[in-house]
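Have a look at these structures, which come just after this line.
Common to both upcoming complexes is chain A, partnered first by chain B, then by chain C.
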Partner chain A sequence: MLILDLLINGLIIGVFYALMAMGLSLIFGILKIVNFAHGEFYMVGAYAYTLAAVMLKVPPWLALPLAFFAGAIVGLVVERLLIRPLYAGYTSWGLKRDEYAVIVTFALSILLINLVDKFVGPYGIRGPPLVGNARVHVGPAIVSGHRLVASLVAIALVAGTMLLVRYSHWGRQIQAVAQNRLGASLAGTDPARVSGIVFALAGGLAAVAGALLANVFNPTPDVGLFPATKAYVIIVLGGMGSIAGAVVASLLLGVLESFGSVYISYEYRDTFGLIILMIVLLIRPQGLLGEHSREV
Partner chain B sequence: MRRIVDTRGRMRTDFLASLAVLAIVAFLPAVMTSDYWRGVIVVSMYFALLAISWNLLAGYTGQFSLAPATFAMIGGYTTGLLAYHFGATAVLGIPAAIVVGGVIGLLLAAIVMRLRGPYLALTTLSFAEIIRVVIANSIDFTRGDLGLNVPSLFERRLTSYYVMLAVVAGIQAGVYWLLRGPGGLYLRAIRDDEVAAAGRGVDTVRWKTYAFALSAAIGGLAGALYAHFAQFVSPELGLVSQAGLVISMVVIGGLGSLGGPIVGAVLVYVTSELLREVGGYQLIVFAILVILFARFFRDGLWGLLRSGYERRFVTSDVRTVTAE
Partner chain C sequence: MLKDLGRLFLTLGLFAAQNALAAEPIKVGVPIALSPPGAVSQGTQIKDALEVSAKLINDAGGVLGRPIVLIIEDDQGIPEKSRAAVEKLITLDQVVALVGGHQSSVVLAGIEVAHRYHIPYINTNAWADAIRQRNYQEVFNPSPYNSLPAIGLAAAVKALAAKRVVTLVENTDFGIGLGKGIGDQLAQTTVGIDYKYITLDRTAKDFLPALLPLKAAPPDVVIDVMLPPAAYLLINQLYEQGIAPSSKTWLFETATGDYPDFWKNVNDGGNLLVAFGPYHPQMVLSELGRKVAAAYKAKTGFDPNRLLFQASDSLFVLAEAIKNGKSTAPDAVIKALEALRWTGTRGEITFSEEKNDYRYHQWIDMPYVFYQYTAMNQPLADSRVIKDVGRPFDVSRLIRPK
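Coming up: the complex of A and B.
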């Protein structure tokens, strides 16, 4: 039953990838930029959860929403200070816009990693588990209790975010700005407010992913690099800007890596996704479920 | 408001000013006797080469690659592996590094030819990581993370110092020669508007390919020289953070200017050595500086110096046209 075991473990990893990738995809959807500091939102969440639980003795189930808010606040501040110039009255920037976004988010990533490294310390701190570490049988696979609960929380959040984006008022505003920024603002939606909401949501989701996995991957300053790389692959694979595509691609990548590391090569498991990313961009740049935005 | 200025006259001034900066560096050993600090300048010349190569691609052609450090790693490993497996000397290793770098640059150009903006950034980032992981995991061939010992090129540090400096000056002159001719015009046209450039008859595929190959070849040369100077190469040479360092040097120095990369590389690397001694705040300081420069001083230090110079000394030969 190795195959079923690999499948379940791959899906579990995939759900956490989805938490990261959805936010990245939302940001790309409304601003057409890639946030190279997304892994640091994850890192902020992992530290907020672990430090709150270990130092302040906050119960883990309460530290989880705390991590979400920490990530959301960081996301909001980043948007207001650094991302806003991308759309607020800089119409003549033209091509330089992409460069600015890459430079600033890249530098932000280095800044946050080194701030934590300097002021919290470079060593990993193990996050507490959400529940006792008893092992649970899920079909043929044996999963630790913490991982099971964490993945259930992640599934709930992924589903909740999808519903929120699809049906809520805020979600519809996000869709409107993603489809057509000018058209949305003509219809009375404030794109600046929507950008703030999206960055807060993306930061919060990535932070929760970090918090949920703090027990599995000990938070270190550069803990976010690995999940962020996965998220880049996923948004390309799923179609940049597509939420459903991001979720499908996350699960696909999780399963693929789980099988690939056993059947193809363990050393090169982290390159599978990157090779897929390059192939997809060359052959099908719109991804699996990519959408075309509407022009006015 | 967009200013249209006499770019050729300005470029000549920039080129001469950048040679003046290199001349100052050439006289430094007279007052700087410590071997350690001379070594720091040698390494900063290595970064200057990488910064020039990346600036050619990102600043003048608009191809925002995240793989500048990868080509240095490729160059270092080319000469390192030739020496390790075949006992080849630097006379063979360094030209081989240039060729291998250039050829892999052609390959990258073919892959990313149709991609722009964030797609280009993601693909070059993946390319960089794949090459690094392959080198780090091919343990039988490259000794993996252990790295390779590379024979040294010159006995005396001062010889390395002046050789590196001469190479930087030579490459700078070559880049200037390219940019002031029609090629430079084509590259900048591609940067400003690729579709319009193609519409005006610029062979965009060909010139983008040239830019990638040339930038990669310079990177390969830089990596090979560094490997012989440090007598060691490891996959760490190609880390994304190294690419980040090169990018921050160019952004602080001045993206899309001739002198910016050299000034940025020397200032950032020397400052980083100074800050290392006071407690490792260098990356925090640089990240903040990069954000501030990208946000408020888009032309970098070089641009600030130049606008000060032009306001003071230049009146007639800079035409300022207000558009939009």
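Coming up: the complex of A and C.
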């Protein structure tokens, strides 16, 4: 019974980790930068969903796509205003690429947290559930009804994104730019446009993760810190830039944390992921599925 | 003629200078958390309360004819930033005293600096007994202290005849201190209780792995010793798993039930929860308390809560000490605070001089209640008082969850 509870909880939380980590992985795959403001895309989605549903009385199922679009728009704007100097002919400015990316995304993270703190307020507010049942029995285990439904939506989104990247026209363009930016542009793909699409998609996915979890982890200005920290571990563990690797690593981390908390110690919960990460990097430096990411 | 004019200007100049000197503001430093990762909701309530109180003091003519000016520093709830904030307030802003501190780990860092510069520090809301155990002459505590809820909770557990108690504490001086304190009190006052406390990360979001084993073996009482927002997540997750409040397990919590955002963050899980309260609307307030409550409601739109009264008492005791000591010099203020016997918002405040455990410079006889919410979204005023001020915990008034 306890084992089933732990397994279900671990898988559910792992699915949400995956939703967060996929966007981060996509951005790294395309631009080879780490977006330190990714947690704030999550926060934007959490607030967009909650404020739309609670203050504007938008039905929760309609507030979900609103959150996705809010995150996508923020992602697109960030890419246009802040990220584009990385690759769009600004080399004459003498930009140091990696330093620029770290500083600008880190500053953006602080700015967004403080903007929300100032204009929405420091007080937390719980997002409404997607379903009425607070508790659902899955065999002998009890699961929060919202968590269960939200995780099913998250699974659909994760699967949909993987299919989109693998089989759609846009997805092929993303794969091409990830493999070779110059080669893709010579073949007629506009890398700047693809980067915009990737940032919008990543922002939307993180935002919808925030929205789905707004009933579980009540939105506060710094709510994005927790999932973002996990996502950074996951993309390294899964293999930088590998979407499938990110999904596998997310589920692994969710289950590992769940069982480790009970059978080892809850106090060391956040260290389990780091220990596994160190072991994997020692044995397989490219991450669990890192090689696949180089091929796409 | 010119001579007369010169005399006139000289007289006017001297008069203006004298007035300026008389109206020189009394600067009071306020190191609080106004941005994450600190307890921003606490910091915001304290800031609002102090501003309301300072206005009341200034509208009544100030202290020794001088207005109170609050200089607020955001310490983000981080101990090292608190040290820096207190250092800046004392050395650069030259404040005469500090008020507003909340979050024990942060105040523990801040009082070290205040002690070094020998500047009075009025602790508004840091509960850890360790703050009192330092025996610093500069630190005064019109705030709750960990031993207070620990004594009250042990009495409640005894009254419930509970046999198995689990406390979920945050990994801070406040949380771990209270977790241990409850255990010590239970050991002193009861026999055969199976007690343990589990430490949780205050920045964590998902507590289920720590809670699921409780579902397999439900305790009689679960006590939540965390600050928001983690406290709210914990209450929600306890409820969703059917752990508490339930027919088998009572849920107690320590002093977040009256926060303005409580019901915006906690739904069904808050119903039938039992809370420790240093304030409850059924408490008798002094005239000052009523005045402060009305001003706070007018400014923020929120109902009064414990942090309002704690913050207000902090500033008013300082103002009273400056008035009584007729000076803002640290020694005069400290001496006046030690001799203080003054009616605050909720009762007469005096500071103990007994250097024993949590007692030094502590307002020992602070009033408190235990109350139970009996419906979701219930206003605090309608909640049911289970233990009134100065009375025992009355089990017969509790509603058992189904």
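Simple rule for what comes next: the second predicted complex is superposed on the first by the 272 of 296 C-alpha atoms of A that agree within 3 Å, B and C clash if a C-alpha of one lies under 4 Å from a C-alpha of the other, contacts with A are read in each partner's own complex, and residues count from 1 in each chain.
Methods note: a contact is a pair of C-beta atoms (placed from the backbone, for glycine too) under 8 Å apart; a residue touches a chain by one contact, two chains touch by 3 or more.
Please read these numbers as outputs of a predicted model, since none were measured by experiment.
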Touched partner set for A:Asn218, first chain B, second chain C, both or neither: second
Partner chain(s) touched by A:Gly124 [first = chain B, second = chain C, both, neither]: second
Touching partner for A:Lys32 - first (chain B), second (chain C), both, neither: first
Partner chain in contact with A:Ile103 - chain B first, chain C second, else both or neither: first
Partner chain(s) touched by A:Thr271 [first = chain B, second = chain C, both, neither]: first
Contacts of A:Trp61 with chain B and chain C, given as first, second, both or neither: neither
Partner chain(s) touched by A:Asn114 [first = chain B, second = chain C, both, neither]: both
Shared contact residues on chain A - chain B and chain C: 113-114, 267, 270
Residue ranges of chain C touching chain A (in the complex, touch as defined): 34-37, 40-41, 43-44, 171, 198-201, 203-206, 208-210, 212-213, 215-216, 228-229, 232-233, 236, 239-242, 260-261, 264-268
Contact footprint of chain A on chain B as seen in their complex: 2, 58, 62, 64, 66, 111, 114-119, 121-123, 125-127, 129-130, 133-134, 137, 191-193, 241, 244, 247-248, 251, 255, 280-281, 283-284, 286-288, 290-291, 294-295, 298, 324
Contacting residues of chain A [partner chain B, same complex]: 28, 32-34, 36, 82, 85, 92, 95-96, 98-104, 106-108, 110-111, 113-115, 118, 229, 232-233, 236, 240, 267-268, 270-271, 274-275, 277-278, 281-282, 285
In the complex with chain C, residue positions of chain A that touch it: 1-2, 5-6, 9, 13, 113-114, 117, 121-126, 134-135, 142, 144, 147, 216-218, 220-223, 225-226, 257-262, 266-267, 269-270
